[in-house]
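You will see subunit A twice below: alongside subunit B first, and alongside subunit C after that.
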Partner chain A sequence: MNGVGVIFWREMRGYFTSPYAYLIAAAFLLLAGFFFVSNLWLSVEQTPADPAAIPEFLSFGMIFFAPLLTMRMLAEETREGTMELLLTAPVSDSAIIIGKFLSAWGFYTILLGITASYQIILVNIGAFPDLGKAVAAYIGIWLYGGACLSVGLVYSALTDSQIVAGFLSMATLFLLYLGDNIGLIVADVELARLLRTLTLQGHFSTSFAVGIFRAEDVVFFAGLITAMLFIAIRIVESRRWR
Partner chain B sequence: MRDDSIILTRSDIGQFASIAFALFALIAALSYFYAGEVRPHTLVLIALAALSLIAWALITPSEFVGFFTGRQARRGTVAVFSSVLVIGIISMAYLYVERQVIAYDLTETREFTLSDSTARIIERLPRDLRIIGFYSAENIAVREMDDQFWRQYEVLSAGRIQRIYIDPVEQPAVAETYGAQDGDIFIAFVDDNGEIIPQSISYVPMIDKHERDMSLAINRLLQEGSFAAFFDISHGQRSLRDTSSGGLSIAGELLGLNGWRVVEFDLQELVANDQPIPDEASVVVLSRPRQPFAPATIDAIDDYLRRGGSLFIMADPVFADSGFLLEDSAFNTYLWESWGIRALDAVVVELLPGLDNPSPLDVVSIQIFDSPITANVNLPDEPDSYAMFRLARALEISNTPPVNNGRAVLSSNMSYAETDLVALGLRDEYDFDEGEDLPGPHTLVGFAVDAETNGRIVLVGDSDFATDGQIGAPPGNAQLFFGSLNWLTEFEERITFGFQPSAIAPPTIFISPSQLDQVSFFVIFLVPGLVLLLGAGMWFYRSRR
Partner chain C sequence: MIEVKELTKRYGNKTAVDRISFSAGAGEILGILGPNGAGKTSTMRMLTGFMPPTDGSATLDGFDIVADSMEVRRRVGYMPERVPLYPDMTVEEYVRFWAKLRGVRRPQKSIEAVLDRVQLLDRRRSLVRSLSKGLKQRLGLAQTLVHNPKVIILDEPTIGIDPQQVIEVRAAVRDLAHNHTVLFSTHILSEAEQVCDRVIILNQGRIVAEGTPAELRQKLYPGDSVFVQIGGVGHAKPEKTLRGINGVKQVQKLAGGYALEAVAGRDIRADVVKRIQQAGWTLLELRPVAVTLEDIFLKIVSREDAEEQAE
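Let's turn to the complex of A and B:
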């Protein structure tokens, strides 16, 4: 696992010196801010503000943001030929994948942290947010985001085209998002339940998003991240023997 | 110039087919392990895996053969099988943790935690219980949400309560037997063989407070018939069998649905035979008696109340010289002297402007005092939850009562009580006469409780509000009727449990438009704008280098 830190900081530096990452961050914060304010408008004189409004929006928004953050990561390295340099550098394949993943997750965590600070606004203006629910929702969407990024990383490892990687990631994440609507396309209730269990929404919308912290959901997200990273490592590794 | 065109080679397609094969095969295996049997969808997944495998072999035969035979085969096989192994281990870990039901309710109001009261209810279960939920595939998210609660019942009862789910689309005949629609919940006891006892099947009305609704329903099932409302019919009262707009048939039906036993009885006959009002009467209801009560009847009521009985009096204004509960009648005097409440010979006229009442004689529950009687009246989020009384008598509540008493519902400060009932009754004339009429506000619903005997009385200056014609219009009338009976019999305390924090209406937020504008500016313009500025600065800095 030597070199995880090296790769992590190299990628993080890449984020903070690239105008492209700032554009993504600005779009992310703009949309999150818009949903935050619209939820606040709807709450006035009706109910307390929903502290899970931003996490719930992000559970859909990550379909687009995660591929934007990950599609370049390995595909661009392959396309520009720097992947060969990386593979010959004194870092393991695991370190490359884990370092890149942690940097994307770190960047996402910073953005999420900025939106989490909006809860302070709610407290200050007397909007009575349920802070316990906010904590659950943010932990949930943090893990959810990590899972989305890991899926994106697999596709980035699989192809040298950023566009293909991004498109396939979005398509996969969209399918994984459809958990709550799975019954619209599957008539058998047990199959629908099984498929919902395999989706991201199935482990967020009825647990973290409503204020419940369930061990099985943590295992699902952590397991998905582990599995995706393992597959991504195997794909990168396959370049050595294909 | 970079070329971003997408080129899919034969090799790429073959590679996708191989991935599809692995995915379908994996999902099919997981599906088999999860369900414990081969189901139709498992067969479909196996078929898709086989098709992907064939496609892979046909599109890239050399890679396909190489995968299974050459150096690639060895390494590829190791990679695939190690991936499958990792996914298998993760899946097993997931299934294990899922079955442990480890969950923490982080909400401040403990919205998803079963209360101690529910635990006490579960302790009293005489036999095992089933929660039967009807959910189609379309309702899968609702089912999963509800399941958060039902599985807690299963855990808390150590398996004595179990949940089963039925798809009403797949099993319409079963749904028909229950009279169930998609999303409906029922509970029922099971016999020693684990079979549902049909007579005990009970619908659970869900009002979005899962625990409260379910625990209430279980308690109703436990208490079925142990609360009895005795309606006297011997003084010309309204009848439970009367289905006209002036009858009480809907009130009786609703009581039955809530687990009450409803009985009509002849109080005069009991008194004539020198028999007491039976102890089994949780409450005696007097709905608009037309005749005055004889001293012996008053004694029988007094005896009943001293035994801890409860009396619900609904008294309409009397426009004649003789009638029930005239101001100077013996029964009214008894109520005043023993309980500190009485009815006045005066009709409340409501003059507050802007109300939804057809006439000033239709009096609305303008002011309510916090009590179980009015727990569901004048709710802030439900504009129709007020109660309305057509021609209501003013009540008087003693400030120096012999027992605890109080006011539950009042008219507005602008109302008054018209004392000229002749002019009102004959000519529909009413006007405030200084010195004669009584300035408001006036008590419309009063109550008294003897702390020693626990005898209780609720006195309402109107009976129309509980009739078939008005009990649901407005809905607050029914809430007042049931709230009164609940308090009189302590139904809420005995049948249900105390309010959970989540059952209390959440606070409403009030933010000025300027505050909202400031928040909008901060989160929509300032924060993303600063990030953009930083990005521009970074671009400028790098381009200068």
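Let's turn to the complex of A and C:
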């Protein structure tokens, strides 16, 4: 699509030239390293080491990291007035949203890729990770993170304040993360199960994270991303009618 | 190049632009003149494809602004009222981004040419945030020109910059007319007079007058006015005497003298001199008064208000 690449590269450049993005990346890698090491300590007595330690941490961590990576993407364009120029450039509204989303997802992919390299340490110390589990967990958290980023993008489209966008997306992601806990207090088992299938955890903690690759989980995350991008595009379009 | 027919924009039940029609030929600088809230920005936003009209239609270079929006956008350079910038980019990156987004192939040459044109070539590696207000304005203009658009739409480009830069921007706009059609909005009447080939006067969403600055002056102020300063009047009141001169339509007391408006096509100067001498006064100064668009505008608006009250 016309313009997706141009938008993608501008945002990517933005990440790599902004001290703020480096700060987020540093926190991300530091915390992932911390969870990796503490898991490694555990594995001294309790072998083998768990290759899903980092993805499992990220399933919680992305509640905070995804909003930080996306909150300014559209809010800032609205505030600076550049949105008016973007919307009069010969590119579609979807190209703008998709370009920005892919850029956020791409940056996250790079960070995730760096954490994957930690696993090499396991090989070096002779603690061969369960490869199948590692691959499933990483693919899972990659999709999971994409879904979180798409939620962040929706709120960034909704307001011209990055703080508000960031706060609202954290709240939403928190709800999507903890939603299955509501299942613990409802008496109806069927209802609890349904609630769980609507949450992020329900499609990660008992499948990808333990090395199980299920089509329904892929569909859930892909569907969530598609729906969120669709909503973000609609929000941007509606700006023209205001 | 620009054809606008019955274009209308309503926000809720507020009509911001009310069935306006106008056109602009290739190479023409068309001014949209009007006070704040007249509907200038709304009109421009419809023509640039930012928002669809509520009613009516318009074409740019033969392309419909709604049906062929992408074609229209490719042919338009737009500078919104508040210059939109990315503070964290360098000057060159900023211009390159817009060039690429608008599909310029091998943009380097155009980027350098346009930066040279707005005299920012030596600042190409500076961060946008570090530029002064006037330089930011020029960068905004560079973005408008980089894809060599046929139509350039500038929304009040001289707002909020210092007088020297205002002069530069006006000169730059005049310069554009060689290769582009320019739509230029302003609420400063003398600016429209200086910059534009033709002017549309917009008030409350409607076109209240249209023509070259000279035509508008002709139409609304057919008579020439003269300014006279008189000495030796003592306690006499000269207004009545002056009004009695053949061909004088109206007399207005100004600081230091009187403005006499003549009836259409009449040269009253000789009669004025004669009458003042007859009265035994001394003529200290007599000069023609050029009517400005300010006067025209006041006249139109007050006439409109009077009509409204009559309704």
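Convention: the second predicted complex is superposed on the first by the 237 of 242 C-alpha atoms of A that agree within 3 Å, B and C clash if a C-alpha of one lies under 4 Å from a C-alpha of the other, contacts with A are read in each partner's own complex, and residues count from 1 in each chain.
We adopt the following convention: a residue touches a chain if its C-beta (ideal position, glycine included) is under 8 Å from a C-beta of that chain, and two chains touch if they have at least 3 such contacts.
None of the values given here were measured: they were computed from a predicted structure.
Asks: Do subunit B and subunit C fit side by side on subunit A in the superposed arrangement, or is it a clash?
Replies: Result for subunit B and subunit C: fit.
Asks: Could you look at A:187 and tell me whether it touches subunit B, subunit C, both or neither (first, second, both, neither)?
Replies: A:187: touches subunit B, not subunit C.
Asks: Quick one: is A:6 in contact with subunit B, with subunit C, with both, or with neither? Answer first, second, both or neither.
Replies: A:6: touches subunit C, not subunit B.
Asks: With the two complexes superposed on chain A, say which partner A:16 touches: subunit B (first), subunit C (second), both, or neither.
Replies: In the superposition, A:16 contacts subunit B only.
Asks: For the overlaid complexes, name the partner, subunit B or subunit C, with more touching residues on subunit A.
Replies: The partner making contact with more of subunit A's residues is B.
Asks: Angle at subunit A between subunit B and subunit C: what is it in degrees to the nearest 10, using CA centres?
Replies: Taking subunit A as the apex, subunit B and subunit C sit 170 degrees apart.
Asks: For A:81, is the partner it touches subunit B (first), subunit C (second), both, or none of the two (neither)?
Replies: second
Asks: Pick one for A:241: touches subunit B only (first), subunit C only (second), both, or neither.
Replies: Both partners, subunit B and subunit C.
Asks: Report for A:91: first if it touches subunit B alone, second if subunit C alone, otherwise both or neither.
Replies: In the superposition, A:91 contacts subunit C only.
Asks: Give, as a whole number of angstrom, the minimum Cα separation of subunit B and subunit C in the superposed three-chain arrangement.
Replies: 6
Asks: Kindly list the residues of subunit A that each of subunit B and subunit C touches, one partner per complex.
Replies: Residues 17-18, 241-242 of subunit A touch both subunit B and subunit C.
Asks: Enumerate the contact residues on subunit C facing subunit A in the complex.
Replies: 11, 45, 48-52, 70-71, 73-74, 76, 78, 80, 82-88, 93, 97-98, 100-103, 143
Asks: Provide the residue numbers of subunit A that touch subunit B in the complex, in ascending order.
Replies: These residues of subunit A touch subunit B: 16-19, 21-23, 25-27, 29-30, 32-34, 36-37, 40-41, 43-49, 114, 118, 121, 125-128, 130-133, 135-136, 159, 161-164, 179-184, 186-194, 196-198, 202, 205-207, 210-216, 219-220, 223-224, 226-227, 230-231, 234, 237-238, 241-242.
Asks: Going by the contact rule at the top, pick out the subunit B residues touching subunit A in the complex.
Replies: Touching subunit A from subunit B are residues 4, 6, 12, 27, 31, 34-35, 39-41, 71-72, 75-76, 79, 82-83, 86-87, 90-91, 93-94, 97-98, 100, 102-109, 111-112, 135-141, 143-145, 148, 165, 167, 169-170, 506-511, 515-516, 519-520, 522-524, 527-529, 531-532, 534-536, 538-539, 542.
Asks: Of all residues in subunit A, which touch subunit C in the complex?
Replies: 2-3, 6-7, 10, 13-14, 17-18, 80-91, 240-242
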